[in-house]
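Sharing a structure with you now.
Residue numbering begins at 1 within each chain, and the chains themselves are lettered A, B, C, D, E and F in the order written.
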Amino acid sequence: MTYQNEGGINANMTDELAKAAVLVEALPYIQKFNRKIIVVKYGGSAMVDEDLKKKVIQDVVLLKLVGFKPIIVHGGGKDITKWADKVGIETRKVNGLRVTDEPTMEIAEMVLNKINKDLVSLIQLLGIKACGISGKDGKLLNCTKKLSDGQDIGYVGDITSVDGKVIMDLIENDFLPVIAPIGTDEEGHSYNINADDAACAIATACQAEKLAFLTDTEGLYLDFEDKNSLISEISVKEAEDLISGGTIVGGMLPKLHNCIDAIKSGVSRVHILDGRIPHCLLLEIFTNKGIGTAIIDDNAERFYNNDK
Amino acid sequence: MTYQNEGGINANMTDELAKAAVLVEALPYIQKFNRKIIVVKYGGSAMVDEDLKKKVIQDVVLLKLVGFKPIIVHGGGKDITKWADKVGIETRKVNGLRVTDEPTMEIAEMVLNKINKDLVSLIQLLGIKACGISGKDGKLLNCTKKLSDGQDIGYVGDITSVDGKVIMDLIENDFLPVIAPIGTDEEGHSYNINADDAACAIATACQAEKLAFLTDTEGLYLDFEDKNSLISEISVKEAEDLISGGTIVGGMLPKLHNCIDAIKSGVSRVHILDGRIPHCLLLEIFTNKGIGTAIIDDNAERFYNNDK
Amino acid sequence: MTYQNEGGINANMTDELAKAAVLVEALPYIQKFNRKIIVVKYGGSAMVDEDLKKKVIQDVVLLKLVGFKPIIVHGGGKDITKWADKVGIETRKVNGLRVTDEPTMEIAEMVLNKINKDLVSLIQLLGIKACGISGKDGKLLNCTKKLSDGQDIGYVGDITSVDGKVIMDLIENDFLPVIAPIGTDEEGHSYNINADDAACAIATACQAEKLAFLTDTEGLYLDFEDKNSLISEISVKEAEDLISGGTIVGGMLPKLHNCIDAIKSGVSRVHILDGRIPHCLLLEIFTNKGIGTAIIDDNAERFYNNDK
Amino acid sequence: MTYQNEGGINANMTDELAKAAVLVEALPYIQKFNRKIIVVKYGGSAMVDEDLKKKVIQDVVLLKLVGFKPIIVHGGGKDITKWADKVGIETRKVNGLRVTDEPTMEIAEMVLNKINKDLVSLIQLLGIKACGISGKDGKLLNCTKKLSDGQDIGYVGDITSVDGKVIMDLIENDFLPVIAPIGTDEEGHSYNINADDAACAIATACQAEKLAFLTDTEGLYLDFEDKNSLISEISVKEAEDLISGGTIVGGMLPKLHNCIDAIKSGVSRVHILDGRIPHCLLLEIFTNKGIGTAIIDDNAERFYNNDK
Amino acid sequence: MTYQNEGGINANMTDELAKAAVLVEALPYIQKFNRKIIVVKYGGSAMVDEDLKKKVIQDVVLLKLVGFKPIIVHGGGKDITKWADKVGIETRKVNGLRVTDEPTMEIAEMVLNKINKDLVSLIQLLGIKACGISGKDGKLLNCTKKLSDGQDIGYVGDITSVDGKVIMDLIENDFLPVIAPIGTDEEGHSYNINADDAACAIATACQAEKLAFLTDTEGLYLDFEDKNSLISEISVKEAEDLISGGTIVGGMLPKLHNCIDAIKSGVSRVHILDGRIPHCLLLEIFTNKGIGTAIIDDNAERFYNNDK
Amino acid sequence: MTYQNEGGINANMTDELAKAAVLVEALPYIQKFNRKIIVVKYGGSAMVDEDLKKKVIQDVVLLKLVGFKPIIVHGGGKDITKWADKVGIETRKVNGLRVTDEPTMEIAEMVLNKINKDLVSLIQLLGIKACGISGKDGKLLNCTKKLSDGQDIGYVGDITSVDGKVIMDLIENDFLPVIAPIGTDEEGHSYNINADDAACAIATACQAEKLAFLTDTEGLYLDFEDKNSLISEISVKEAEDLISGGTIVGGMLPKLHNCIDAIKSGVSRVHILDGRIPHCLLLEIFTNKGIGTAIIDDNAERFYNNDK
């Protein structure tokens, strides 16, 4: 027989009730997204910091357990560079894109598949079965060579078609799919694919409800210098106005284009989250106070009237 | 466009991280009981106090949303007495059992079905579909007349068999079943059935993982006078020893017998919870610190080594 | 060993052959409506007279056994009045509609649910499993407050939408659904709904092949005074002409409107039957000589050329 | 608009109510055998008389429509003899068995398949889809050569195994199977099989609830000379006693052995019916007064206490 | 233990590698037609010569084993004539069509069903389950009387509708369907149907990918006298031009019309094969060098650029 | 229009008929193993030589197309050594096992996953969808550290359990699974697993009918020096006798133990094939003359009486 600790239940009942309140706050969000697909683009600091990595995995596993159908699409640029160095391959970039010759592609594929399987292991330690595949499996990501301003930069791929069957089958069979952004062309050659592009294409093909980018920024700023100008929610039209007005520049520009494409292809809500905040996914999805920037359809209902 | 509140994310980040911690704490419990059936015997103060009632419903709905398959079995004694008074039927008890003549049974059935449909409405306001049935539907609860020390006390039933198909079909079709404790005999007559008995029989027939009784006590005390003697966890054998030793008396005795029967019939864990504590179900199931008393199999692993 | 009664088979072979003839006569009708849904609005004398009640139940059970999918929608006005009296609630009507304040609605819901479960028991005594629900379960009947000439008459509902999933699931799982005409609004409050309206809405939502009203009239008369003017079959257009010509008045008017609505919504054939004739359902459906009045689509083939 | 015939409903209401009574009488039998398989061995006079043939087909179709799963196994001896004559083959019998040389088997197979397809047509005229196969299709009836007192009598088969899959698939797909009693050996040669044997083997393989033989006798007599000694119901043990006592002789002997085998293999009830009585199947199955002789298990409940 | 034959593997490795090459050559064709339906019209010499018959059956069984879904439609004209002679019926033709009076139809049906079951046996000897039906079963082939230049020639049928359900069900249940070309009218009478017509109608109804006619010609010649003018591949338009140009005459004309109809109804490719060549089906389908003449859609890709 | 090549069909008809003969020869083997699982351990020269590699892939694809369910388990030792050199890791072996420290395991996992995805691409070029996974995915291969004579040799794994669900799901969804021999322990660490062990464990877990090892030997020799002593077929008992008699030594010993284990666990037939022979899989499986050595159960029927 076990007895209650002395002091009884009532001693720290305040804490307990606060806990219950958090769970109850999550209730409508769990309900809203029940059985919906959410694609998580996993990259940046959240992939480097071991503590953050563990928390992202916890978040995704929780999403799965409460009824979502999460899909992870991961990057791996930093590790590719590290390994290229290790085997004596010089990293060269053109317009920010890695020039990917045959040996570079070989090492990139090896590194990305290794990251892929490491994520599978981490997820499975939490009791959920995962399956790691690349865009080559089941002809998931098909591509052609991407030119950079007309210049051949090697095996860098532009996605031409997505066959999501292998992912949907894994989900149907209760596995959590983890995807490495490698594509293939009609001759079976491998291509490095930008992970943001891959996530966006997969979200579209799998008719995801949500697409969340874990980034190293707090979100989208109207004025990057003014920390009070962080945008909570923005419609496609508003975003396109900002782009055409020249407000959005740099690395955020292609990402925002991806967001807009995803919304236009039927994804309901795209989130740019700050992957440096622990449990940013949980906080965005399960609490009234959202985090980062949400891109939504022009006609969508807005959440953030007061707080969310 | 919507901007983040001034002060930014970081202002109350501490609160947010605490919220995330609660959700993460719930993770292993969500996983453990995923797709398992839990029968909640709903009665006592938690049925009378409107605020408590709302919180019980929230809890059950949350259980369903995160993947449990909850079944509610409710009582209604107080309302039956109230309505019997209203139509001029005198309430008479023998050995604590309501003498249930034809007119009493008629009003009892009407009252229980009304409570049943009210609960359905409350659940559905939270976005979950429910279906309220009685033990007559689908021949769920079949019974014979119960005698009290050999004395005929009218239409009070002893459950003789349970056909859980109607419940399992509702669960399969994604409805939350709400059950009124009315049985029927071979001639089709209605019987009042003790709600604890009904919950126990249904938990057994549906092979529930858990059976939780919402009561008006804090749980089982070794010494009812000593508030520090509240038992957190007790095995069937230990409980039978307490009973044979004369420690357990009064209304707790039949309830404990029900608990023991349920465990012996394959329910893994039976909880006696204090329904007067708001969100007692959530706290018991989703936090490390359990509430009330758990009855378990003699060979079951114990949770409450340290806190739970 | 058992021997044939003396006199042998041939003694009463004539009777036996007549029996076979009846069964053979039923053959094309059984075939025609195999696996089709038929909604039976059960009300009037057939609910009061115990012998008639038993025969209605037998008929519906037979319909189910030979392959139909029957749904019962019942009324209960007389019992509601009786119980309102018993608890001291005065019954008040405006334009023939019961003014339904909170206490009246409370007793109405209790009475209707009791009738509902009694029917379930009667059906189950014949070996068929039934399940009794109200329009609140599974959000079956959703409504708003009905005004009577602009006047608030309390919780009397106008059906705004029907979600037939709970019924279709019960049918799929081989239960005979029995429906009490209670609706619910968005706040979860209960409403009394006219049983004819409920039957018509459910027949439409479940894409019933037939809708049969058990009434206390022989059917529709062209001239109510002339007993030879009973109409066997009438098209929607003909019925609308009768209405606009002022031939149809009184309680038959809203019922005929319901019939017309049902036909226009896709029900193939609506029957106004005389519930005072024993086995009127069987006779209408399984014999060449129909009973009562059938309302049909303008383009439908007519049965009653000669006899049916 | 169509009016009721003059004289109104009430004129011949007595007849109508009698009809209803017949349908209601059938109700428990419909319920009892719902979704059960019944094998009808169709032969004798009922195959020759066109009016009887039509009525047997009506009966079987009605059985199917009210929820049974009937299978027809037919004979065809008379037509085989007729066609053998027509092509100049002499019919020769040894111990009552047709000596079946190659040309005889050829014509027998042709004749039986023709009868088979004729039955299919007759059934389909009543709106039910049928499919006619022989025991060769899907390796339904596998056999070896039967010897008659050690004498080779040609292609007469002893059933060695039955593969009922082709029948069960047809039933599952809602076809009424009609079976010609032709078997095949391991070399693929055709064999003539006694239709009683085939019916018995198929009833066993398909786990039929009932097996009914349409014969040219009224049933089993204790004393064939005494028309009052017709046995209504007899257990296997009683039947075996009659056989060992020498009471049963002639053509009834192998048929009774078949009945006993079927009961011992799990068929619940075997009927020897007088196929010369119109609608004998309906009368046996749907009326309280059975016809012919039923063979039942020693421990089965007896129907014929009073009348049935 | 068993040892390799002396001389070892290498002795006849050349032969073995040639075998592997054949299998590898078949690979793309197996893949291309995987799970597609192919209707084989089986007739002519290939039905008469026992060795050819065996090889056709082997071919069809192989088609089934490697993933095709073959359907056999067979003729039987020669056997009908033989049997008509045997029973003393004079065979009379009008415009090449057999005048089919009642006795002729009777014998024709018997003969076709016999051929049908013989084919079933032959197939089953190779380990595949088959089921032989006629166009009467499951109301597969429905027809009206065909007139020949306005002249009544008896029970010769023109197909009016096809209900392929019985075939599709058999395929679904893994049986190989074998079809006798007998149809039925609304009164259930049997009709003789031209087997080419039947094959064409069935291929259309079952949405076959291929339809192959086994004939006694090498294929379609541009100039029948010039053996070098055999056409390998011809589009519908080209074929229609040949017909309107008068190039195609005689028995090939109706067959070519059938081919054209089938292509226009959605069959992808129709083959006129020389049934006198052993394994002509295998050679056509699994080798690079096709056989006979293929009729294709005007827009279809051509196979026979070089060899196939 | 396309014409047949000059010279006509008959010119090289001999060749064509020989082709047909090969296909017909394959027929019984296709039938025998239809829908059966075959695990192919792919390694040795057949992985190095590009032409052999292509032929192995063709064979496996053909197996899949004709109805088998193949699973590829591959090795990769040579490539691991090559890459280890490239990144400056010294390869060290103890008792023939690679000492696998953390950096070695890291490069091994990268190399094996790369080989894995390359195979996926090659298969998919032939039109079949494949999915490449490692033993970490879906917790397929679980292991503990293997000691070599008690010595810690790093992350070399002994398989402790296999969860074949991920493979069976892929097969069910029509993907060809390609497996890299990497396992995981309870902490999620990766382990190098011997590919023969992995193939054997997977064949057992998936209840494979066949397990085929592609090796660099011709099979099992009774006397390795005597090329005429190659064993075609050997039972488990005979193999165990050879082992205990000391006849089998070297690298063949653990492989033979694997074969014996597989047979004892329910695999019907294990083949040791010479991967250096082009299309060795096809030749073994589809031709009468087998190749290499087959290990079979003591009670199994022997194939190689005469030739196979």
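Keep in mind that, in the parts below, a residue touches a chain if its C-beta (ideal position, glycine included) is under 8 Å from a C-beta of that chain, and two chains touch if they have at least 3 such contacts.
Predicted model, so just to flag it, every value in this text is computed and none were measured.
Undergrad: Which neighbours does chain D have in common with chain F?
TA: Of all the chains present, those in contact with both chain D and chain F are E.
Undergrad: Chains shared as neighbours by chain B and chain E?
TA: none
Undergrad: If every chain is reduced to the average of its C-alpha atoms, which one ends up farthest from chain A?
TA: Using the mean of the C-alpha atoms as each chain's centre, the farthest one from chain A is D.
Undergrad: Weigh C-D against B-C on C-beta contact pairs and write down the one with more.
TA: The greater number of contacts lies at C-D.
Undergrad: In terms of residue numbering, is the interface formed by chain A and chain B classified as same (over half shared) or different (under half shared)?
TA: Looking at both copies, the contact residues mostly coincide.
Undergrad: Please identify the chain with the largest separation between its CA centroid and the CA centroid of chain E.
TA: For chain E, the chain whose C-alpha mean is farthest off is B.
Undergrad: Just how far, in Å, is the C-alpha centre of chain E from the one of chain C?
TA: 56
Undergrad: What whole-Å value do you get for the distance between chain E and chain F if each is reduced to the mean of its CA atoms?
TA: 41
Undergrad: On a C-alpha centroid basis, what's the spacing between chain A and chain F, in Å?
TA: 37
Undergrad: Going by the contact rule already set, what residues in chain B reach two or more other chains?
TA: none
Undergrad: Based on which chains touch which, is the overall arrangement a line, ring, star, complete graph, or other?
TA: Contact pattern: a closed ring, each chain touching exactly two others.
Undergrad: Chain sequence round the ring, chain C first and chain D second?
TA: Loop order (chain C start, chain D next): C, D, E, F, A, B.
Undergrad: Applying the document's contact rule, which stretches of chain E touch chain F when the two form their complex?
TA: Residues 1-6, 8-9, 12-13, 16-20, 22-28, 30-31, 34, 55, 58, 61-62, 65-67, 126-128, 218-219, 222, 227-235, 238, 274, 277-279, 282-283, 286-287, 289, 291, 302, 304-305, 307 of chain E touch chain F in their complex.
Undergrad: List the residues on chain F that touch chain A in their complex, please.
TA: Per the touch definition, chain F meets chain A at residues 86-87, 106, 109-111, 113-114, 116-117, 120-122, 124-125, 129-134, 136-139, 165-166, 169-170, 173, 175, 182, 184, 187-190.
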